[in-house]
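Both complexes shown next keep chain A, but they swap its partner, so chain B is in the first and chain C is in the second.
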Partner chain A sequence: MNARLKGSRYSRLGFALVAIAFVAAVAAPGLAPHAIDDQFPGLLNAPPTLPHVQDDAGSWHAPFIYRWQLVNQLEQQYEADRSARVPLAWFSGGRLLGSTDDRRAPLLLLGADSFGRDVFSRLLFGARISLSLAAVAAIGAMLIGAGIGGIAGYAGGMTDDVLMRATDFVMVLPAMYVVLALRAVLPPVLAPAVVFSLLAGIFAVVGAPFIARGVRAIVRTERGLDYAAAAQALGASDARLLVRHLLPAAGGFIAVEMTLLVPAFIVAEATLSYVGLGFPDPVASWGTMLHDAANIRFADFPWLLSPAAAMFVVVLGLNLALERRASGIESLR
Partner chain B sequence: MTKYLARRLAFAVFLVIAVSSASLVLARLAPGDFVTASQGGQMSREAMERARAQYGLNKSLGAQYVDWIVAAAHLDFGQSLLYDRPVRDLIPERAANTAILALTAIVLATLVGLPLGVISGSRRGGAVVGAIRSASLVLLSMPPLLTSLFLVFLAARSGWLPVAGMRSAQLPAGGALLDLIRHLVVPAAAIGLPLAAMLERVQAQAMREVVDQPFVLATLARGVPRARVVWRDALKPALRPVASVYGLIIGTLLSGSFAVEVITAWPGLGNLMLNALRARDVYLVAGCAGAGAMFLAIGTLVSDLALGLVDPRGRA
Partner chain C sequence: MTRLTRKLALCFVCAAAVAALTAGCGSKPASEGGATSAPSIPVTRGGELLASIRTDPQTFNRYTQRDSSTLLVATLTQAPLVRLNRVTQEIEPWLAEKWSVSDHGQTFTLTLRRDVVFSDGHPFTADDVLFSFAAAYDDRTGGPLTDALKVAGKKLEVKATDPHTVVIRFPVPFAPGLRILDNLPILPRHTLEAAFNAGTFAKAWSTSTPPADLAGLGPFVLAEYTSGQRLVFTRNPRYFRRAPDGGPLPYLDRVTLDIIPDASAELLRLESGQLDSLTSEISSEAYAPIKRAADAGTVKLLDLGVSYNADALWFNLKPGALGNDPRAAWLQRDELRRAISMAVDRKVYADTVFLGAGVPVYGPETPANTEWFWNGPVTPYDPAGAKLFLTELGLEDRNHDGILEDKSGRPARFTVLTQKGRPNLERGAKVISDELKKVGLQVDVVTLDAGAIYAAVISAHYDAVFFNTDKTDSDPAINPDYWLSSGSAHFWNLEQKTPATEWERQLDALMAKQSASADHAERKRLYDEMQKIFAQHLPMLYFAAPRIYVAHSTRMTNLTPSVWRPQLLWSPDTIAVTSTARKN
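Moving on, here comes the complex of A and B:
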């Protein structure tokens, strides 16, 4: 059992992927070479500038890049100016790595978008919004779900009936349509902070029933066990019995459900921003970046899909991590 | 059974009324209305007031709602302001397109997911099982939003398949059906592949539990060939948990198909709802939301009934 709980290499890989995304989001200001709204007007949809260490003559140098030169304005094709090396500077200007000639030859690790903004920097800052929104919404769903499920399972009877009917009702709603309708009540363009709290709130309410139902079932079962009766006999109040003794029994279930909700929320934000009902333009989230990509022929500019790749990595990481969780619980049965 | 069915149907009707009423009220409460959304600042104040009166938007919210619900009771769901057609005609057309997409995706997911699940669940490791499991893990991590972007990217790069819409402007050689099928590939695969991965998961888990049971060993010991034991004797009981998953799928199907419809410009319910919301077309918003709720209610009901047929234990 111990070996299985420790999990496979895959589950550790999963945790590593999620950890990388988390660190990238937290450290974005130090890692990103540019700000989210830095525009390079001559470099619209420019491809990535790959760092080189060897020039065409075959001699070795500290990491450097070549400058992009526009060769076809209409097709937005660029060619590297291989005559001059632009060295990269470490730890300059409060960031990890950047070009020494930011105006003429910026470092674009994942290319530029159709406004000439650095995709890599926006991806890092976008991770902050996309991941924190999903995390806040999942915590909200946990608080609401555990509260409702705990009370319903503990109180039983009429309270239980009413609360469970309510969660059933939310669960059978066409979630995406409800989120759309709720979002559309407010003006299309709102301050980012308002959008953030609004989406987190809606997601939390839509996600809560999934937690509430499971928590209710667990609390109901646990309430009948001897330790609950013992705690009650020792004079524990209802609230204490529920919060200190019964809800912790649902901890594993809640953790697994939250791991399932986070990817769903990341994708929901991306979908809403994609259709233009999420965050307003200058804000970088993975969804707004895809929204920008969708406005042009992204087949010619594959780097514009990097937010989709980032989303895939995070969701894969969470799924891999859950693999261990699930098998751990299974082996305990 | 009749009583159960009646209760479920009554709940479905209640759900549809509640969802469409709420959407109408919400869409009406939103700042701006169809006139401001469609005309911008181009019209004079009088012309805007005339237009509002024509669309019934100058009434109070209560009066508008009462008018709408009375008409809806007579199956008249109002006139779409955006398309200038009755909502009653517009919705079935688009809902049918969504249903075509959703059904194709489910069939595709079933044909791909179930057999692979049987294979990976009935064997103890090996290269084939490893390949199936990693493929399904990857696809499970790609929700329809991502698969559709990826497939649109591939199709646009290769030029093999159309990436947008449902029909070509000019009917190509091979007829309308072939044209529809070619347009279906990208959106149906975008929804179907993640579903296939999910079905593979559930089917494999169910198979693993069944093949450990003594009756399987007994059947093998009687000399029944392995393939026949797996595909006939073990498969049947392993289908029960899978059948219950279909009920869950229907919810994700509607949300997933929304993203896919928008990305691949499939003229379905999701796209219609989005256009209606953008144009503040209140009656059409209410109609779409109601149709979405109905889609979901019918889907869950059908899957619950199907589950009752497969597994008599759950019958209420």
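Moving on, here comes the complex of A and C:
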């Protein structure tokens, strides 16, 4: 009982983490204090500007920040100008929170990157790209995988053999090399939407076999059960039998696989962007943010690791959420 | 692959292999964080120096490659007839102990040192010099030295009058004179002649050659090479140079080059005392942690001044290269490059790319090259002026989307190729892109491997390239490939049969005059004229040159740092280390 309760709590925590990430992504335009390409030239790699409510004299105020002053440009050292408070403005300019002096003292909740762009804003907008790409790719993988697996399991024989060998072929392909080769034959300049479609398509194809193999096994088993024979005897067509009766039996499996694929695709996007095959500048994704920070010493500028932290949180959340689903399937068995 | 393509490939690969980027050279060494330069304490003999390189050498045969690792191996194991002192920029007697000049400066008679032997004990004579020139000039060698040792496109005439006297005649008067020989390490005829005669010299001394089969006149001999891991050099007991106290050189017993591809790992090892030296400058991002380490006394940090080289943006100016592309009407015009020069704020560029440790640059010479720098008019940061030039090209924001369009409504958009994995180039290209966006030009930055960029430049299939084009010498006469329209480093329009433009024809004529003149003041005047013409047409756009910082362990002494790469190891025979143990 305790274990189930604990598992349930973890699962809820997982859902909460994922939900927060998705809400943040959807609400990015309102939550982000800046646009993704807003630059503050005097604040390259500046540390986070933490909101305060109490000044050095101990007086309480509405939330405010201190302005960063560049002390040593080459050593990237900043000091807070504590002589003047910069109040924060709520619901100003269509954004939840921002500085009242954006030009001199912008709100940088997670610091700035090496081009002086707000890491927090880029993190939120990056979540849109990274999470939606992973979600779209996972849905694509589900559609392709369920279709191939369902047909193979239902038809059997030569069709089964051909489709399963095809999935085997895709599974043994080194995905990174496939992407590199594909990218090499495409024009060097691609619009972000094309990159999105391309990556989503590749991820879907690469992820589909994992779903197809499981679905095929389930459909093949289910097809021999009495309810399937009954449906067929009542005149259900092959398509109806497959889609309405057999594939739903694989629903739990598909859900688990998709939950596994989403974090894998998030990491894959980051990996591809890290090696320069992702989205063009200034589009922000978690991977491109890590790519931009690749030559920076993270020990000196730890806020630049925030995309990695965000990925960790989302992947953890998905795994915690999956825990319950997996144990549910286990108990059913 | 033609010689041109090979040479350009080598040029790009060289730059690629050196991931530490912007090559340096510069002014007088200043010091910071406890720098050392001159020997203020007694020099200790013996000990091991552990340095790092980023990539394996491509070969042990310097005549066929010029990647930075191959060059360093040659510096350690070979010796030239004369050496260019990287600090004073003067040539010094090396294997040639003296020389005389005749025939109005066209003929040099070199007296070779006696009693010099190769590391395998074989005597060094004029035959080795003749063999080395023959190997360098042989078309089958096809390496970077073949063209580098030519003057006005012609070979030097080399003959030996006795085993210790060599006469070198230049085809035309050549102001830098023997300076050109610094590039040529003298190779052992007795070891390599068979390969040369068999036509396999270009493949000789590959990295699979057992170290025992190599022989040289340099201070060290290669003792061990493990691919991807390290090269170990031991002292050459037969080395010809002596220390000021009459004792043998080199001071060090052993030099180990660890191959560390990752810059961060390299720096961490230096900071933790597991490495004595890097072979190139540190990046701007690495300055802060290294400065802290220097302040803590664990490393020494040197400020060597401003680099002689700056990253350059150039457009494809080959006539007809754009075919029917309608952008040809404006993409190859001088006005576009003038507009770009005015639209990029060089201070922002230096602040962003070099974290402020850089100076604005407007032409091919940086202020570091005090001897040849033309102090001409400075291009102001003037976006409004830039827009006027763009308007002259017919580029206007016709649909008010912030991007200019040509007369037929096509956006003013072009692609800039730059090298992947080189932060200065990637960030520089981003700054240029951002700055040009402000005046309505849309720039797509594409990062590629050096090989892909080289292929694009060779085939003239590109809009623009942003790259580092390192000079190899401060003297312009040593860089004819860059200036001459027929040159293989005349990047904007390679190896022209006849000059494509009148101003390139003028540059060719001025280059020929200045490299032949014996009057230094006249050479300077002519070179100023060349830089002036360059500034009027801006075939290559320069924005800023970085300051060069290098770091080394506190064990290293007797250093003579230079802004030229390798800043510390260019004179390996006089480097010493203290007896302090290094961490392992």
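Criterion: the second predicted complex is superposed on the first by the 323 of 333 C-alpha atoms of A that agree within 3 Å, B and C clash if a C-alpha of one lies under 4 Å from a C-alpha of the other, contacts with A are read in each partner's own complex, and residues count from 1 in each chain.
As a convention for this text, contacts are C-beta pairs under 8 Å (C-beta built on N, C-alpha and C of every residue); 3 or more make two chains touch, one makes a residue touch a chain.
Quantities reported herein were computed from a predicted structural model and do not represent experimental measurements.
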Any idea whether chain B or chain C touches more of chain A? B
Now for A:189: first (chain B), second (chain C), both, or neither, which partner does it touch? second
Looking at the overlay, what does A:174 touch: chain B (first), chain C (second), both, or neither? first
Contact-wise, after the overlay, does A:259 reach chain B, chain C, both or neither (first, second, both, neither)? neither
Does the superposition put A:76 against chain B (first), chain C (second), both, or neither? second
Have a look at where A:114 lands relative to chain B and chain C in the superposition and call it first, second, both or neither. second
Can A:281 be said to touch chain B (first), chain C (second), both, or neither? second
When the two structures are overlaid on chain A, which partner does A:290 contact: first (chain B), second (chain C), both, or neither? first
With both complexes superposed on chain A, which partner does A:311 reach: first (chain B), second (chain C), both or neither? first
Considering only the touch criterion stated at the top, classify A:273 as touching first (chain B), second (chain C), both, or neither. neither
Would you mind listing the overlap between the chain B footprint and the chain C footprint on chain A? 276, 297, 299
Would you tell me which residues of chain A are touching chain C in their complex? 39, 41, 44, 73-77, 114-116, 188-189, 276, 280-281, 295-297, 299-300
Write out the stretch or stretches of chain A touching chain B in their complex. 169, 171-178, 180-182, 184-187, 263-264, 267, 270-271, 274-277, 290, 294, 297-299, 302, 305, 308, 311-312, 315-316, 319-320, 323
Chain C to chain A touching residues, read off their complex: 263-264, 267, 283-289, 291, 348, 351-352, 355-357, 415, 417, 420-421, 423, 427, 430, 433-434, 444-448
In their complex, what parts of chain B are in touch with chain A? 15, 19, 22-23, 26-27, 29-32, 137-138, 140-143, 145-146, 149-150, 152-153, 156-157, 251, 254-255, 258-259, 262-263, 270, 273-274, 277-278, 285, 288-289, 292-293, 295-297, 300
